[in-house]
Amino acid sequence: TNTQTVLKEERTIKFYFQDGAPALTVAKLLEDNPSLSPYIHIEYEMEKSPDLLVTRILKEEADIAIVPSNLAATAYNKGLPYKIAGTATWGSFYLTSTEDIRGYGDLKGKEIYSFGKGLTPDLVLRYVLSENGIDPDKDVNINYLNAASEVGPMFLSGKTNLALLAEPLLTTVMMKKSDAKVILDLNEEWSKAADVKNGFPQASIIIKNELIDEDWEFVDKFLDAYEGSRLWAEENLEDLSLLAEEQGIGVLKETIEKGIIWNNLESFHIKDCKGEYEAYYNAIMDFEPEFIGGEHPDEGIYLQR
Amino acid sequence: MDKIREINKSFGKLDVLVNVSIDFPHGKTTCILGPSGCGKTTLLNIISGLWAEDSGNIYGFQGDIAYVFQEDRLIPWKNIEDNLRFVLRGKINKMEMDNIIDKYLKLVSLEEYKRYYPSQLSGGMRQRINILRAFIYPSNLIIMDEPFKSLDINTKQVLIDFCKFLREIYEKTCIIVTHDIDEAILLGHRIVILTDKPTTVKKIIEIEEQDNWIRLRTEIEREFTA
Amino acid sequence: MKGYTSKGKWHVTISIALTICIYMILSWVVGDEIILPTVRSIIENIVDIGKGPSFLRILGSSLYRSLWGFTISFLLAIVLAIISGVYGPIYYLISPTIKFLNSVPIIAIILLALIWLNSEMVPMFVGFVMVFPILFETVLKSIVNIDSNLMEMARVYKVKNFYIIKDIYMPSIYMGLMNILPSSIGLNLKMVISGEVLSQPKYAIGSNLQLQKMYLNTSGVFAWIVIILILGKVLEYLMRGLMRWIKLEK
Amino acid sequence: MKGYTSKGKWHVTISIALTICIYMILSWVVGDEIILPTVRSIIENIVDIGKGPSFLRILGSSLYRSLWGFTISFLLAIVLAIISGVYGPIYYLISPTIKFLNSVPIIAIILLALIWLNSEMVPMFVGFVMVFPILFETVLKSIVNIDSNLMEMARVYKVKNFYIIKDIYMPSIYMGLMNILPSSIGLNLKMVISGEVLSQPKYAIGSNLQLQKMYLNTSGVFAWIVIILILGKVLEYLMRGLMRWIKLEK
Amino acid sequence: MDKIREINKSFGKLDVLVNVSIDFPHGKTTCILGPSGCGKTTLLNIISGLWAEDSGNIYGFQGDIAYVFQEDRLIPWKNIEDNLRFVLRGKINKMEMDNIIDKYLKLVSLEEYKRYYPSQLSGGMRQRINILRAFIYPSNLIIMDEPFKSLDINTKQVLIDFCKFLREIYEKTCIIVTHDIDEAILLGHRIVILTDKPTTVKKIIEIEEQDNWIRLRTEIEREFTA
């Protein structure tokens, strides 16, 4: 490794992540901007739309990125040079209702508003329902909307009183509608059904192979620093909300301060949660293989630390 | 008797008609002569109710009016048969309509052009349709604005004869604007000569059967050159 | 444009071929299935999609929404524009709403649209909001621009309003609309499909398109685009047929 | 439509007032800030937005994109349509691309657009794809429909092509475009804003609109709609001024 | 000498011109008479190069052509001054243009209407502009399709005199279509009479100075009624 050090030139790498919960995990890191290597300078870029994030990966512009876990697999299967280093956020979908629903039996015959047909929310809902004896095609009637943000107003306006909501939207909705309650935490339900510990990995942090090969030391330091930033975010809600405002993160101050955005912050490193990924990808293979590019990614997708 | 009294009309600062009063006896033909641009068409448009006069009174002119416009005003997207039908529907029943259209078209030798569109006709042919449209339309009053222009002498003769025939049979009142003095003498019971703008009535000549053509002609021409 | 017809066919064929050639070269140069997929994989995807069990149902549903939506915009535009064109004050009463529809981005009221309407109706609504103001203005302007000489002629001859509308207004409107009909039908289909992306009805081109996009299957996206192009062509033929049927075509 | 002008102003005011009244009653009946916010809270939001530090910059950026995009569509449409109108074969070469733009839903190529262009350009591109085919067709049809009698006259008198274009083509195109210009400028602004929602440039109405939507702040969404309406009005005045300046208005 | 030989033209199944051959001597005026719809306008359009003949040959007709169309063909969105300018630009320099336009307009008493649009003029006024446009345009050949219709006798006289003046000063060749036999005799050096469709040349009459008006008139009228 000595020869490598000699060759190093100063350079800037790009770290892309999406607005919302992922951005909150980065906020502290961005604020401190610690110098992790004398040669590498990190440029932080927050993308507001998922499409833009996707194009950063496709064009291989990102050196580090937080992306939906299925996108990580798709990229890998399409031969793009990225590896999963850890889980940025765990599942945060909740079945919410104003009605009194206890247990899966009560769901029969109900109409559920959901979003992202053929995508993770759909997968998780269907998986959990069918593992608990509800046929998602026959026993319930699922209506889809395109984006998580469309579901909120539906629920608030009372057009539906049974809806799948995601954080941080859920907190916002609960603040505006006092009689709403969470009837199922799908991450928890998924853990039970799939027999894993942490639920499903919603967003993963991926790193470009080139960077890993070039400067392992930096990557290692970076992952530690990022983990620190995540943990800080959980413990310093007030400060976080100030940071978020400063950085233009699109989550309401009040929502952050209520602080129920997080699931399983402790589990981050890929080595601790390969099982969760395997379960997630397996479920997708049964559901719609196209969603991760047609095949189950091999071991090579995981970063060996 | 239809009549207009003290009609005034101006366009902006341009005074066109000033205190024009004319009588139009029933069943008679009044010819209007006057310099180009003096307001003859304007007068006809006022009489037919299309344009509003600025002041003055109009008496009579009840019932349907047929109008041979100075331009042909045919509907470009309808063939000539349908152009004629356009003004007849609701006034004549269907079967009669076909008959009469054929008969009239034959009269002006256009029976073969029934299905032609206006753009496919010559200027004179379009003008003949313009005239036919007025003749075919059941009315008490026919207004004609230079009807016989663009026509060769034979066609003109046919139409003039037909015009006379119609007005005798149906006792139609006619108002004809023309620049042709012979035509005016031939067709008119009365000839109204207008001045140039601001336009007033210069002279009204009643034509009697026994009047001498040459004398009348010279009299009218004198009015123009004066 | 007449007289080109036989030469025209040639030109069309050649230029489509040319466009495809250029695309093939481009996709070969780029060499990335995700950015510009090869023609081969697009065709494979079309075949796959075509073989799918509910393919016809998907097409039919989108086509149905598009046709209905357009018919409604079309009829409403004609009726309202005639009323506004003939009776001025009505124009001023309708115009703020038209202006509103004309200026407000659909993205902004999609929230409300989703709440007000069911997911089948939203795509039609999206198409309506885009297409209606265009049709309305075109019809209105055709009416206002009608040759006043002809109108005077009709008035002198006391032609009944019914016939004035049928024989003067309608053809004028027709000629005005001709200028804009093909592109507004295309626009409508486009917007209905966008609406489907937002409201995700069960059977819909938009829903499927969005899915392919989320799966990063660019060939699939292109396959759907090709299908939409063909559908657009079919719509155009239907339209032509309809127009010939109305027998207003010279 | 002339002659109404003074009465017209009245009608406009009355009908806007009426529309607002109806809205107030509706929002009072519904009584839910999320479905139909009250006029009061909308106004409060507008004031808040207006006070924001980069408000003018946001407006300016969107307006800038919209104007540029429209100018490009407009000029390109005129030039290409004149060429196609005058020289037939060119029409057949251009038409597949026009057809393509005309039929393909922007949502389908947005991924590619994002890859090809930067986020400042995407909104313009979205507007372009919508508006260009409409303008092109309108201009083309105006040219094809030019009174052939006048063209013959110009040819006999050997009038130079430059003057034929300036004095016959341009006014005809102008009259054709008049029918469609206001609605297509509106359409363009609408589409640019939708493009901004997708590409999220830093200073943009679309980005802010989307943010309000994410916050489930319906009053904020309405506030932006009102701002967009006003902007549309301003655009219209600019356009009128420009037209008067070109002195083609009779 | 300009000439046409064996010109044929038909519209679909309608044969209009059949083997029409006519000479047009330089500096002379040829008047064309013929029934309405026989193909006079068609012939003029072929001579001026606007329409293509089906077969036949055209010799000569070099240089610029001025054409008084049967319809006025004024540009509706330009005022009459600009309508005249439209055909003059690039042929006459700016200053001269203003002068000559004023002079010509005065001649037909339209100097006050410079800024009027065609729709604000009477039919006769529009026709005068149509004629002026051709007179003002520098050319060797003037083609006129029923130029003096819709004009009162005084205006007509002014224009006829002016026409004569122009053709003498500038030695212009003129081709005039008319339905008025007197006009033809007054203006023409040669009179060409056409038959009805399918149209051929029926008779060509050379007019000598000493010819007797009445005799000529009767001769031509006989051709028509025959």
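Order of writing sets the chain letters: A, B, C, D and E. Residues in each chain are counted from 1.
Keep in mind that, in the parts below, a residue touches a chain if its C-beta (ideal position, glycine included) is under 8 Å from a C-beta of that chain, and two chains touch if they have at least 3 such contacts.
Source: prediction; values computed, not measured.
The chains in contact with chain A as well as with chain B are C. Centre-to-centre separation between chain D and chain E, using Cα means, comes to 49 Å. Note: centroid distance chain A to chain D, computed from Cα atoms, is 38 Å.
One inter-chain figure worth recording: chain C and chain E are separated by 50 Å, centre to centre, where each centre is the mean of the chain's CA atoms.
Residue positions of chain D touching 2 or more other chains, listed in rising order: 35, 110-111, 115, 175, 197, 210, 213, 218. Among the residues of chain A, those in touch with two or more other chains are 54, 58, 153, 157. Listed for chain E are residues 71, each touching two or more other chains.
Two chains count as a pair here when they touch; such pairs are A-C, A-D, B-C, B-E, C-D, D-E.
Here chain E touches chain B in the complex through residues 11, 33-37, 39-41, 70-71, 120-125, 128, 145-146, 149-156, 179, 181, 221, 224-225, going by the rule given at the top.
Residue ranges of chain D in contact with chain E, taken from their complex: 149-150, 152-160, 163, 167-168, 171, 175, 250. Taken in their complex, chain A has these residues touching chain C: 54, 58, 71, 74, 78, 116-119, 143-146, 150, 153-154, 157, 159, 290-291, 293. Across the interface of their complex, chain D is touched by residues 1, 4, 7-8, 10-12, 14-16, 18-19, 35-36, 88-89, 91-97, 99-100, 102-109, 111-112, 115, 130, 133-134, 137-138, 141-142, 144-145, 175-176, 178-180, 182-184, 186-187, 189-191, 193-194, 197, 206, 209-210, 213, 218, 221, 224-225, 228-229, 231-233 of chain C.
In the complex of the two chains, the chain C residues touching chain A come out as 33-35, 110-111, 114-115, 119, 197-200, 207, 210-211, 214-217.
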